[in-house]
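Next come the structures, one after another.
Next come two complexes, and both contain chain A; in the first it sits with chain B, in the second with chain C.
For the complex of A and B:
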């Protein structure tokens, strides 16, 4: 305590606050853009169950474990769970959203190149959580 | 066996005593025992993850049980009681009172911990330290899960009782000549963290009861099949346990405030900013809980609010770092073991905080959430900051407790190995998380980056393990055979900067 001058600390705190403002504003702006789902996005229903993923396309095609999509299109995932919490994750495309029973969460992505990517569960879901894995196959556009 | 070697007493006199230093000693010994038990589990986890495939642990159920008990043990049975140990020893002395305000309550709060710990260890639950519903309701095997719930219930009551005791001791029992501003920062840190405990814990206490009745099938608070919502549990849990992080961090910082000025042989740069930052941290600790839940399907507005609430904690944390650096600036620093642990702790606190800013930024969180990044991030706090601060303080209070000096070289080796190990394990885990490895997995595919980084982390963990064995040998050997300490100035700093050793409350 006491009356000694403390201006270096106030400058330092000011710099931190300014930095945090910058981080917050930047994050707010990026997240706002990322969450804007394109209107023409195709809906894919994703269902997590202990311990596998099932996918249902708009045309009714169902897939288990492996998901086929086309490059250059936007997809919106509707994520369901039938038992406990899971988290649907395609790490290469920063797709991450929890599958919570009783809720429908959405997340979207637009693959840009053909290729194969890992799908995994990132929320603890029990015995085989470590192996609740799948494959995303991005194919060349058909038309 | 008697540890206060100057005036040996039979062990039962210490066990059934209500004197604050005796209760503090019990807290200290018990928390060190649990540090080694929880640490052994950590080494098992790391050994298992050295290669892909099953190594030493037979199946994933065992693995899941191990990391659940590892986390629960080190948070509730090491970090919390070790802070209580320090508080019990020094808070009454710092406010110049003869004991804690309620000595019997103090002893009761301590004696609730061993049964709580026993329930957790005998049950060995598998639903993570977060007890994630609906898994914990519909899938987790009993009676382990129920024992965990009762164990946590007991530990929660114990910390509320401890918090009440600290608050009353500091506010009501401080010497009449002493203003609240003259109360040392270590005692201020216990005041702030105890206030957080009082506000935060009841929420989780309620959630635990709801979890139990859900498991019994009577209610469905968190069970979607009965109309409940698992996200409600997430809010209740994190409303308690995000502030709980500060409950652990704030006393560790208070311990550094005790060590750093003395070993720099300079007064604290600004005590008032330290007090201000403690109180501010205690308040903003309640504004950030849902940053653990960005990926549960929160709205954009909710996420924004909790991001701002999280970033708000950064200036206050930064003020502590500034205070430490400014105190050391131009000081005549004596690099003895407690000072090295404190400086290491500050460096890792800074790294952990920087990583935390990245987590808090919404878009980045979707890369790091539930990966090893998060594991590395919070371990830099719990191990790098809190355990470092506490271990440094254990060395610092060693002469006070035993009347003997620890072995300085072994203490330094302990620090250097632990520091290297901590960086190897937890910095590597940050990178591993960026490569996408999820937390809480028993086995992983043989992706080359994942394998390499897991191996580095395991080597680091083994280095920490070795350093902790050195620590244990040092503690046991030095408390029996160490050279007698100069009780007025055991570290040779000059008496001016050394007051806690001067006073000791007589036993009553």
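For the complex of A and C:
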């Protein structure tokens, strides 16, 4: 295109590339922050099985369906599956991680106040997937 | 040269970016207590702001282009190709 000025196109390309970098950097930074587990986080083993959740605390206490934690503490979930793919979700705390047979996936959170929250499987895992629910009970700090 | 560039792009997407991400995203040093709800939802709203702004600008530009360069626009001028009247057809 002789004599044709195409600087608007280059500005457009530059703006798009800058935006993509910015979006990538923001998302990467948030991911980096939420993946750093605090040193004192208590490890809870979460096991998904058709069609219920079981929880094992560090002291060996086991729970089925209902998980009790304390406000103000950090918890790191180690997520297992014994059969098919599941996905461990505490919607109110934006916790979501797949449970994959043969893998251990981790995610952590720190509940800030007492209350009850739903736990739900978010990966279709068979006939009763819809009812693979649990309850998170956040209690007042004991100390 | 172009092939090399293409190969590098494919490698970067498949290997290099995930490796760098894995190496830096979750370091060994312990993290701080933070509210993931705030961080994640803030990120979501910022991204949505960008998405809607870009969407408005791009669709606005396209609407303006269609409006400005329609045949019936008062300032419309035929291109050289159109002015020649020779569109290559035999009929």
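Heads up, the rule we're going with is that the second predicted complex is superposed on the first by the 139 of 143 C-alpha atoms of A that agree within 3 Å, B and C clash if a C-alpha of one lies under 4 Å from a C-alpha of the other, contacts with A are read in each partner's own complex, and residues count from 1 in each chain.
Just so we're on the same page, contacts are C-beta pairs under 8 Å (C-beta built on N, C-alpha and C of every residue); 3 or more make two chains touch, one makes a residue touch a chain.
Keep in mind that what you see is a predicted model, and the values were worked out from it rather than measured.
**Student:** Is A:115 in contact with chain B, with chain C, with both, or with neither (first, second, both, neither)?
**Tutor:** Neither chain B nor chain C is touched by A:115.
**Student:** For A:17, select first, second, both or neither according to whether it touches chain B, chain C, the two together, or no partner.
**Tutor:** First partner only.
**Student:** Between chain B (first) and chain C (second), which, if any, makes contact with A:65: first, second, both or neither?
**Tutor:** neither
**Student:** Residues of chain A touched: more by chain B or chain C?
**Tutor:** On the superposition, B touches more of the residues of chain A.
**Student:** Taking the superposition as given, does A:93 touch the first partner, chain B, the second, chain C, both, or neither?
**Tutor:** second
**Student:** Once chain A of both complexes is superposed, is A:129 in touch with chain B (first), chain C (second), both, or neither?
**Tutor:** A:129 sits against chain B, while chain C stays out of touch.
**Student:** Which partner does A:74 contact after superposing on A: first (chain B), second (chain C), both, neither?
**Tutor:** second
**Student:** Once the structures are superposed on A, label A:38 by its partner contacts, choosing first (chain B), second (chain C), both or neither.
**Tutor:** second
**Student:** Which positions of chain A sit in both the chain B and the chain C interface?
**Tutor:** In chain A, positions 23, 26-28, 30-32, 34-35, 92, 94 sit in both the chain B and chain C interfaces.
**Student:** Which chain A residues qualify as touching chain B in the complex?
**Tutor:** Touching chain B from chain A are residues 1, 4, 6, 8-9, 12-13, 16-17, 20, 23-24, 26-28, 30-32, 34-35, 50, 83-85, 87, 89, 91-92, 94, 96-98, 100-103, 105-106, 118, 120-131, 133.
**Student:** What residues of chain C sit close enough to touch chain A in their complex?
**Tutor:** Residue list for chain C touching chain A: 21, 24-27, 29-37, 39-43, 46-47, 50, 54.
**Student:** Which positions of chain A touch chain C when the two form their complex?
**Tutor:** Spelled out, the residues of chain A in touch with chain C are 19, 22-23, 26-28, 30-39, 74, 92-95, 109-110, 112.
**Student:** Can you list the residues on chain B that touch chain A in the complex?
**Tutor:** For this pair, the touching residues of chain B are 60-61, 64, 126-128, 130, 132-135, 138-139, 181, 224-225, 228-231, 269-273, 295-297, 300, 303-304, 307-308, 311-312, 314-315, 318-319, 322-323, 326, 357, 360-364, 366-367, 369-371, 435-436, 438-445.
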